[in-house]
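Two complexes, one shared chain (chain A), two partners (chain B, chain C).
So, the complex of A and B:
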């Protein structure tokens, strides 16, 4: 019964989405508000209907309704309830339904946010664009990968096939939703951009209306990427967190282009410049989110993350091609209007120039990542030779670009808008540069000979000093003018200008991520050894002693748990318990549960590689220096992002 | 002063580059080779990182590398053995020869060309710009004061 409701809701939504698209378009063309109001109400109804469909699927998972093909494929009776919930997006069909749910939620919020705006025609056009995107995904979920597809009665199993063991982690509860919400979030600024192109309302209003949406999508996409990395680190058992896999790259590319967009829109808002460029950036960002959604489902490129080959490829290709043709076609049509902004700079050396340099490197990184991901296909097409483009390629090509990006992060705030004098540059640059050199020399003196690591740490110190200086100057200025003490001044500074100082918090987080990546890439120590009970092995400064082994039984898996005592400088500091699990539904795919001893300085990462009947084990121990700075940096960046999203305390409404 | 600073930074970077070249890598030959060769079991990672505990490809491949190193084969010779057996697909990064060079060079070519275009655009725009003698640098303390002054004035008006 509930399944029928879910399926019927989806079908009604498709009809309703077509109605909303037509109604909003009619309202916009005829300038008739009645159609627009009707369309807005339709958007609210769509959100309710898709919520019903999603709830129905969720209910089917929770109640083990294996009559549904999707539930039978991705769940089982003994699965923990939280994994039954996350199995919702564990496969292709459910993840697309989640896409739709997120899009309907965002569309409803956007419609509600703009409900009182009767003056701008781009609002109803934005509804139309969002509905076209929605119709595409509704067609897919209704006719190609319907999560409500029923199995014939004679094929309904007593129990499901179970969820892939690697997805039975807490990371998978949060990583895919965050990533998908990030992808979907960019639909809103894209819809506004296209609407602005249609109506010719090309000033900065559409950017201001979507600024927080863009930032929200950017934060969520970044969070999704980082959570994915953390999941890979905890679960995949190879000691790393980013493999430059095509699917990983596909979610990283739109994040890079969106980062460029977030910076360059500041120039348009302040100086009425770069209208063409910003339009281009938001169109490609949205296109890359669709490309990422496509790539994970197409089977075009080999990836550990994909859902396998599906029939959806041609639909996505057509949709992506149409999106690009229409959006770029409109851009060409409005090219002269877009160029009409302020296209002059007071000085070659200005913040505007450094922002352009930042955009150049971000886009360069996005291109290099896309190019590397696609190069096996290109090479095979040209030479007929199959090649692999793996981590060493990306490390060689992208690392220098990342370092340039890092140093630009520090340079940008030091150069003023419009024009910077040599005196200004001297005053701003001298202290950070001294710190840069001191850090480099210090590292050299400490025996660090890794060039990229040295540069990364030195540049990080440069950026951190520039941020501290920015805060110091702001505090000093407020103290001088308003007589505030430093703490009040800091609080007011943060409260009154969230965008600027919240942005610096994000930069601090980014620097922390750079520090973490550098430490864990450049100074990793790895040892693998076979041990019998009572024996021990050294992993860097730690000694691991194999004390005991036990069997653990859970409803849906059995595990062998190994007890390893960790000694440092002869003193026992901990006992860690790496595991090897055999899930009932996947007996041929044993998984390893990593034992981690975390600290800010380093992680001791221990994995049980194999175990013999005699009790002899093979253990792999890795020391990952500074790796936790990555996760902490991500948290700091998120806090900064959320802080910027808060209403600006500096813009109080004047009471009449 | 700025040019002096730039010189210092340049010298500093050069010294580091040279020091890096003159020092041998800390990785063992085994690990280095494992990082440069792919595991072809379908895991899409290198031999070093294959997460499969009893991988039918990575384990024998690692053993073969160890054996070849023990026979005092050079890195290139080990790579050649794997190339002959599995083709180019075995390398984690394309070999720097033939069409593969396009793969390495293209991103930098694009960045240089795009950088040139950005440079030209900036030059044109700055030549159009009206030279403003009054500096308005936001990070400049005086600039910050002026900005804050305006804000405070505005707030005081709002309070009134």
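So, the complex of A and C:
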């Protein structure tokens, strides 16, 4: 019954979305607000209907309704309730419904946000663009990957097939929704960009209207990526967190182009430049989010983790082609308008040019990552032979680019707009450069000969010092002008100029991520050894002693738990319990539960690789220095991002 | 306009530099990616640092020496018959999801005389792809318990 409601409301939504698309288009073309108002109400209704559909599917999961093929394939009775909920997006069909839900939510919020704007024609056009995207996904979920597909009555099982054990983790509860929300979020700036191209309202207004949407999407996409790598680290048990797999790259590439966009729009707002470039960036960012959604589901590239091959390929290819042709076609149509009235760059040593360098490097990273991921296809097309590149390629190419990006992060805020004076440079650069050199010399003196690592740490200290100086200057200036004490000044600084000072918080987080990645990539120690009870092994400075083994029984799995004492410098500091689990529904796929001893300095990562009947175990131990700085950095960045998203406290809002 | 040219030149230099990095990267670390059958047909095509192959693990061919961490098995293309295989030797920890019929991606060197692939990396494709029409018969728990170490 409820399932029928879910399915039917999905079908009604499709009809309604077509109506909204037509109605908003009519409203925009005829400049008749009545159509626009009706379209807006339609968008609200769509959100309600898709919420009903989503609730119906969720209800089916919670109540173990295995008459639904999707529920039967991804859930089981004994699954924990929170995993029953996250099984919603555990497969292709459900994750596309979640896509729709997110899009309808964002569209409704966007419509609500702009409800009072009667002057700008790009708003109804933006509705139309969003509805076209919506219709595409509605067609997919209605006709190709319908999550409400019923099994024939004779095939309804007593219990479901269960959720893949690897997905039964907390990481998997949050990583997919964050990533998908991030993907979907870019639909809003994209819709506004296309709408602005249609109407010719090419000033910075559409950028201002979507600024927070872009940032929100960027934060969510970044968070999704980091959560995914945290999940890989915790769950997959190979000791790493990023493998440059095509599926990972597919979600990293739009993040890179979005980062470029996020920075370059500031130049457009400030200096009325780069209009063409910004259009280009938002169009490719959106295209890459669709491409990423597609790649995970297509089986086009050899990846270690993807959904099964499905029949959606052609639909996506057509949609992506149409999107690109129309968006870039409009851009060409408006090319002259976009070019006119632009200011020009004045000096190499200006903030604009460092922003541009930042953009080039980010696009270079995106291109290299895309090229490396697609190379098997490209080479096969050109030469007939498939040639692949692995992590070494990405590390070799991307590491120098990332280092340049890192140092620009520090340099950029120090250089004034338009043209920096040499006095400005001297004043701003001396102290950070001293710190850079000190860090480098110190590391060399400590015997570190890893050139990239040394550079990375030195650049990090440079960036951190510049950020501290920026805060210091701001506080001092406020103290001088307004007579505020340092604490009030800091508070007011953060409050009045969220974008700038919140942006620096994001930068601090990014630098922390750099530090963590550098430590865990350059200085990792790995050992594997087989142990009998009572024996011990050394992993770097730690000694692991195999004390005991026990069996643990839970409703949906059984596990072998191994007790290992950890000794450091002859003193017992902890007992860790790596385990191996056999889930009832997946008896042939044992999964390892990693034992982690986390600290800011390093992680001791221990995995039970195998166990024999005799009780002999094979243990793999890894020391990952500084790795937790990655996760902490992500949290700091998120806090910074959320802070910038808060309503502006500074100048009075200028209604346009 | 002149100034704009200057910036264009700078941008082009940077783009060429990035392109060069990518080109060198591909040249240095690109390896052929082929199926087992393709490898057997053209064993000479592997580069100095080896080749990457995909295949599926043949049932009953898996052997793992625990204390030496030595995994040996036979791999073939999913659709070809069982005689068209290569022997694979891999030293390292056996991944959890490694089992008969698993799809694996291997990197290493192939010796045609021994029909032996010495793998340096072994990746198992994520087993979350189950798109069959019918759910399997309910799983037998008794069978399962045999897998878990008894006693201990």
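As a convention for this text, the second predicted complex is superposed on the first by the 649 of 656 C-alpha atoms of A that agree within 3 Å, B and C clash if a C-alpha of one lies under 4 Å from a C-alpha of the other, contacts with A are read in each partner's own complex, and residues count from 1 in each chain.
One rule holds in what follows: a contact is a pair of C-beta atoms (placed from the backbone, for glycine too) under 8 Å apart; a residue touches a chain by one contact, two chains touch by 3 or more.
This is a predicted model, so every value here is computed, not measured.
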Discussion item. Looking at A:72, would you say it contacts chain B, chain C, both, or neither? Reply first, second, both or neither.
Written reply: second
Discussion item. Which partner chains sit in contact with A:388 here, chain B, chain C, both or neither? Use first/second/both/neither.
Written reply: both
Worksheet item: Regarding the shared-chain residue A:413, is it in contact with chain B (first), chain C (second), both, or neither?
Response: first
Worksheet item: Looking at the overlay, what does A:160 touch: chain B (first), chain C (second), both, or neither?
Response: second
Practice prompt. Identify the partner contact of A:582: answer first if only chain B is touched, second if only chain C is, both if each is, neither if none is.
Written response: second
Item to complete: In the overlay, answer first, second, both or neither for which of chain B and chain C A:549 touches.
Response: second
Discussion item. Tell me the contact category for A:237 with respect to chain B and chain C: first, second, both or neither.
Written reply: both
Item to complete: Considering only touches as defined above, state whether A:356 meets chain B (first), chain C (second), both or neither.
Response: both
Worksheet item: Now for A:332: first (chain B), second (chain C), both, or neither, which partner does it touch?
Response: neither
Response to the item:
Both partners, chain B and chain C, contact chain A at residues 237-238, 302-304, 344-346, 348, 353, 356-357, 360-361, 364, 367-368, 371-372, 375, 379, 385-390, 392-393, 396-397, 401, 580, 590, 592, 609-610
Worksheet item: What residues on chain A touch chain C, complex-wise?
Response: 72-73, 155, 157-161, 164, 166-167, 237-238, 302-310, 344-346, 348, 353, 356-357, 360-361, 364, 367-368, 371-372, 375-376, 379, 385-390, 392-393, 396-397, 400-401, 528, 530, 549-551, 558, 560, 580, 582, 584-585, 587-592, 607, 609-613, 615-616, 618, 620
Discussion item. Under the stated contact criterion, what part of chain B meets chain A in this complex?
Written reply: 1-2, 5, 8-9, 12-13, 15-17, 19-20, 23, 31, 35-36, 38, 42-46, 49-51, 53-54, 87-94, 98-100, 103-104, 106-108, 110-111, 114-115, 118, 121-123, 125-126, 128-132, 135-141, 143-145, 148-149, 151-152, 155, 158
Worksheet item: So in the complex, which bits of chain A are touching chain B?
Response: 236-240, 243, 245, 302-304, 343-348, 351, 353, 356-357, 360-361, 363-364, 367-368, 371-372, 375, 378-379, 382-383, 385-393, 396-397, 401, 413-422, 424-430, 433, 436-437, 440-441, 444, 449-451, 454-455, 470, 473-474, 476-478, 480-482, 496, 526, 580, 590, 592, 609-610, 650, 652, 654
Response to the item:
Note: in the complex, chain C contacts chain A through residues 3-4, 6-7, 10-11, 14-15, 18, 21-22, 24-26, 28-34, 45, 52, 54, 64, 66-67, 69, 92-97, 99, 105, 107, 121, 123-131, 134-136, 138-139, 141, 143-145, 147-150, 152
